[in-house]
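A, B and C label the chains in the order they appear, each numbered from 1.
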């Protein structure tokens, strides 16, 4: 899906603002990995363990750090951070499906909604009372924008996105299909065995430069708001409970489940399918590994894990029997230590 | 999003049917927590560990139990269960986005569908042949109601909800965006390495007073129905497999995965991101902690858990190596015990 | 929802191509289990542990293996694989909600899209530029088919399915509501604490005879494609990261989370809510148990597990304390062994 876009290396060097060592006029029509790139493609070296692939790559140019330029005889784009420059290159070749400029005639836009210039509203979109949408923002087919939502500039909502009433979203935000922002937090008061609904009166505030994956859900707060700060990146099928605060520039990988009232620090990484129990605080720069449960507050930066690694099920069954005896096993050990 | 609703304390006491000790005419225009409530807001004391916040709260009134009234000098609403009364108060201040009364002109409603009085059908809703919808029920934009669905009174479906053909739903049911009820259960017969589809001929029956979260999926039964009994509350992104029965008033927290043919008792709580393997029975009043797997039937009420707590990844790596040796470690201990 | 379909046993034997021992004219109007089937229903014996139910079943006929025919006095359909034959029988009685033939007048189909014969396009479907749709394919209400998608013959997409631009899908594929195929993979380059988007230039290729559950998400590749091979069956709410390859005829149960660049072999089974970390390879015929994490490559076929079984939370708390000490406990054991 690169739609035959192409650039000369000279153009790419200029667009990415990095130095070219080589042929300015070399035509680049796509991107590839060091190992699989074809002639006419641009690649990059970021992880030094792939240095030995430099000599054999078929790519027409490589983005490399200054210190590796000498190791490569072909066209080089020299970058302090080749992976970041490569990210820039992906933007040059991206050709996403675009919603047509303007409001599709099948969209339902409330008279009171304020649409800024250069907005694209797809087929069957519903925009309710009092909504404000910033310049250059695109909303895909059948998305639903509830009463009073504020959606910033340069936003990109794919199709079937839902924003419940009152949600506010910053600028440069991407939201993928099927995401639901602002549904009711899960709160009930127990009354003689029945669950009485706590109506959720807060909302959701999302900062700038946030990306939210397909099928992700972020609940509105009970009284105060749920908050996603600037630069947070959230993968698919993540659940964020009511009244959570996710600190700026944190990354939350797919299928993670965050219970209510969790405060996650800045620059954290929650690994895939990880979780956090409710009413806890996680410090800045914490990284939680895949499928680990944060079972209490974490006060210091660092790597954290729970669970066990995989093993043959036969071995595992023997070990989990022992796991269930672990406290008594330890006591038996203590007994022996006393005797010895 | 409180839309400037306001009530006098006298009105609130009457609406919640609880006693007021204090100023009948005090104006309340919102709700807050003990710690953060502002003047003009109502709060509550439910957890006794917050008693010391009573003296410093800025709220204009507090819902408290009789026994704590003396500890508070301001306006008090006296309740046997302050949290339940607070739940009632949230209902007074809730202002959800409402679908307009009547059938939106872009909705596709089959001629044979029966819509009771006072029904609200949003834009682009599809209602197929033979559907029956009860009084006061609201269906949000782009929701899909398949052939023969029966949907009870006072229901509230948000937008993009899917009910496959033949699903039946009781009264006072709330279903959030992106939920899918009645998709095919996951059943295949293995035929020389290929999976042959078992068409799912059952349906899904949902009782009264059930709430279903955003992105939750409940599969139709293979032959008999999948059943969700009265009063069950299901959070976001829960998956309930075919032929499960979830007992009345049970609570299933977000991202829980229930395999097929699981019977969950009444008044159970499945913690967030918990799971249950297929073809098991869980007794009434079982509570499963977050991210725990129920790996077999549970016959007695109580709390159950699996997994491990989180720890520094460095420590964790050393411990999981030992976990993988746990059976042999235990045998070594046994050897020593024999010798000693 | 069997819509009063009925067949004679003779017809069923012919349609399933198996032998009938009994009354050709016996009327069958539905299916049931051995235990609960009513007169007029057909059932099957697949698991030998249910043999003792043969004598008491009220079903009008049973699908059995040749060797068990003598144990049953009623009408028998004799099959080498009764469960596979039963799967065939479910197809006879299935009556799914059908989209009407042709293109619904509210659908938005781009002029350049190519629709083969006998296609059914539901209300509010959006079909973008350059899409090709094969014969007999059905697309449910409000589904979105992005630019350049190729969708094979005999496909069945339920409502609210999203296919991002450029996705290709084989023949005989079923996709349930809320599934999102081809959203951006989760890739960012870290630039001084900020996450710079790697635009995802690859796509998703799905083979023939694949089924994809409700709410499942399969991300497009970063450079190369994400690939789902022929015959793969994927349950609800599964997440498959960018650049994964899922081998032919593998089965992925509900809520499984597969990180990016994972290669899963052929004929594998990923149990419910299982997971795999990124950049690993899993051999053919591997089976992973429920809620287990594959934490590294698996080179040999077999059963694998991680985690622990459930236990009373009180016991569990004592044991996880010991788990956190497991390395030191093992060292203490080693000390004792030296002394003894």
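Heads up, the rule we're going with is that a residue touches a chain if its C-beta (ideal position, glycine included) is under 8 Å from a C-beta of that chain, and two chains touch if they have at least 3 such contacts.
Everything numeric in this text was worked out from a predicted model, so none of it was measured.
Between subunit A and subunit C, two chains of identical sequence, the interface residue sets overlap only in part, with shared numbers making up under half of the total.
Chain copies subunit B and subunit C are related through a rotation whose angle, from the C-alpha fit, is 120° to the nearest 5. In terms of their C-alpha centroids, the spacing between subunit A and subunit C amounts to 26 Å. Among the residues of subunit A, those in touch with two or more other chains are 106, 124, 142, 160, 178, 215, 237, 255, 307-309, 311, 323, 325-326, 329, 333, 336, 340.
The residues of subunit C lying in touch with subunit A in their complex are 106, 108, 124, 126, 128, 142, 144, 146-148, 160, 162, 164-166, 178, 180, 183-184, 186, 188-191, 193-201, 203, 215, 217, 219, 222-224, 237, 239, 241, 255, 257, 259, 275, 277-278, 288-289, 292-296, 298, 302-309, 311, 315, 318-319, 321-323, 325-326, 329, 332-333, 336, 339-340.
The part of subunit B that touches subunit A in the complex is made up of residues 1-2, 30-33, 36, 81, 83-84, 86-88, 90-91, 93-97, 104, 106, 122-124, 140-142, 158-160, 174, 176-178, 209, 211, 213-215, 231, 233, 235-237, 249, 251, 253-255, 267, 272-273, 290-291, 307-314, 316-317, 320, 323-327, 329-330, 333, 336-337, 340.
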